[in-house]
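Take a look at the structures listed below.
What follows is subunit A paired twice: with subunit B in the first complex and subunit C in the second.
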Partner chain A sequence: MSLILDILSWACIVVGGIFCLLSGIGLLRLPDVFTRMHAASLGDTLGAGLVLLGLLLQAGIGADLVGVKLILILVFLLFTSPVATHALAHAALLDGIVPWTRHGRPPDARLAPEDPDEDGFLADARDDLEAGTTAPRPPQES
Partner chain B sequence: MITTGCLFILVTLALALLRAVRGPSVYDRIVAVNTFGTMIVLLLVLLGFLTDRPEFEDIALLYVLINFASTIAVLKFVKYSSLAGPGADRGASPKGGTAP
Partner chain C sequence: MRHAISLFVTLFVLWLLLSGHWTDPLLLTLGVVSAALTVFVAWRMEGLDHEGVPINVSVHALVYWPWLLGQIVLANLAVARVILAPDRMSPRLDWIPATQRTEVGRVIFANSITLTPGTISVQLDQRRILVHALESEGIDDLKAGDMDRRATWVESPLHAEPSGRGDGA
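Showing the complex of A and B:
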């Protein structure tokens, strides 16, 4: 029984570490703030969750509430990480950072009007650029 | 096995630090620092198990909350150039405090 728990705990910790590593690689290689946020959320949820689950399997509840503290860390992480990511994405969008798409960055994509434009994104971006509103502006505070 | 997890997380820390140094916009840097904080929390918990010192978990618990608060605070400072809120530097603040 102890051996099974050890193997499960080992697998959880290593897979969680690999997810953390993937999130780091994505953070470094992806092209845009929003895609990098997507990569960072991978490490925040699956990486942290699996590592903490593996340690929880090894600790049990424990004499001095080790397991309870692990669960508390996991709960706090699962509550605060999406809130921080949402606030960050909202602030970046309001600041005028246009999301990267498969056509490339919208100011670059604007230069190639003969590209296929199935979903109408380029036309929308072009209209927005001509109208001078590339991103939704923040509401004016009185 | 805990050492393996520590190794993975150390590499992730290096990658996040590289993105924080290189990031073209300030939001890239904030994302990188947020990830850095999460990985530090995981590293603290793993080190607590590795060296058999359960006190490290209390530090990790505190660090989760500080990480969240600092991300929101830095974000607010970047957005409004002030921690007091929008429009606080345009006149007297509503509560009578001193504007920075």
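Showing the complex of A and C:
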């Protein structure tokens, strides 16, 4: 029984490691920031997931509840990593990076104009961009 | 009140699982007190509503997550194939429709898109989401709307018929 568990857990860890490796290869190999983010998400999901699953099979739930903590790590990872990815992609597009395409023309779809009244932070970022500075703006006199 | 009880139970179970103290009455009491204090603070911050403690979402997620995990595994294999053969790549940026009514629902849909390797949600509008896909088929699949229907079902009230299963998808 413990032999089967060992084999399963090592298979998970090794395959998870392979996905992390592929993720790294993709980071080097793909052409621009957006496609590279797709490669990075490989390590975030199946890479981390399989390694944690393998560790879970090794540890079991355990008297000190190690397994529960491993599961919680995975849950929090799956909740937080897409938020960071979304913010990074949005910032890159907002900053004027044109996504790489196979035919070489920029994609037709663009960011929708934000309502400046609705999101003050974005309006500030755009103003800074147009002024050619990213320094915080001086406080407004009232 | 429903939300307060639900949050309290969740917090206390989390406390039990993280601490592992099942028997010591003093520590258990302190755990109950800390969970109750957190619920009180959430109530004071007016976070105890359908958005801060979405009960229907939590229940529906138990059905949604396994399906999403399956999709993540499939998408991982597709992206791994592209990394090994970059010639297959056809990046594409496009808007896809989003039919969720609540903000929680839209966050779930956008997060699911990003969590699935090969597609990243870039911007949310009222009724659509801007998505960058590593392969053109990724956008086509999202436009077909299977994931959209399932995410809409997650935000729907409890006891709603599961949609997105068997209705032509």
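Note that the second predicted complex is superposed on the first by the 103 of 142 C-alpha atoms of A that agree within 3 Å, B and C clash if a C-alpha of one lies under 4 Å from a C-alpha of the other, contacts with A are read in each partner's own complex, and residues count from 1 in each chain.
Everything that follows uses one rule, which is that a contact is a pair of C-beta atoms (placed from the backbone, for glycine too) under 8 Å apart; a residue touches a chain by one contact, two chains touch by 3 or more.
For clarity, every value in this text was computed on a predicted model and none was experimentally measured.
Go through the superposed model and pick first if A:Trp100 touches only subunit B, second if only subunit C, both, or neither.
Second partner only, subunit C.
With both complexes overlaid on chain A, does A:Val14 touch subunit B (first), subunit C (second), both or neither?
In the superposed model, A:Val14 contacts subunit B only, not subunit C.
Looking at A:Leu46, would you say it contacts subunit B, subunit C, both, or neither? Reply first, second, both or neither.
In the superposed model, A:Leu46 contacts subunit C only, not subunit B.
Given the touch rule stated above, what does A:Ile73 touch, subunit B (first), subunit C (second), both, or neither?
first
Based on the superposed arrangement, let me know which partner A:Val83 touches: subunit B (first), subunit C (second), both, or neither?
In the superposition, A:Val83 contacts both subunit B and subunit C.
Is A:Met37 touching anything from subunit B or subunit C once the two structures are fitted on A? First, second, both or neither.
Touch partners of A:Met37: subunit B and subunit C.
Just to be sure I read the superposition right, which of the two partners does A:Asp64 touch: subunit B = first, subunit C = second, or both, or neither?
Both partners, subunit B and subunit C.
Taking the contacts subunit A makes with subunit B in one complex and with subunit C in the other, which residues are shared?
On subunit A, the residues that contact subunit B in one structure and subunit C in the other are 23, 25, 37, 64, 69, 72, 81, 83, 85.
Looking at the complex, which residues from subunit A come into contact with subunit C?
19, 22-23, 25-26, 29-32, 34-35, 37-39, 41-42, 45-46, 49, 63-65, 68-69, 72, 78-79, 81-83, 85-86, 89-90, 93, 99-102, 107-109, 111-112
For the complex, which residues does subunit B have touching subunit A?
Contacts found on subunit B: 1-2, 4-5, 7-9, 11-16, 18-19, 25, 27-28, 30-32, 34-35, 38-39, 41-42, 45-46, 49, 54, 57-58, 60-61, 64-65, 67-68, 71-72, 75, 78-79, 86-87.
Please give the residue numbers of subunit A that touch subunit B in the complex, ascending.
9-10, 13-14, 16-18, 20-21, 23-25, 27-28, 33, 36-37, 40, 43-44, 47-48, 51-52, 54-55, 58-59, 62, 64, 66, 69-70, 72-73, 76-77, 80-81, 83-85, 87-88, 91-92, 94-95, 97, 141
State the interface residues of subunit C toward subunit A in the complex, per the touch definition above.
Per the touch definition, subunit C meets subunit A at residues 17-18, 20, 72-73, 76, 79-80, 82-84, 86, 89-95, 110-112, 114-115, 117-123, 125, 130, 132, 134.
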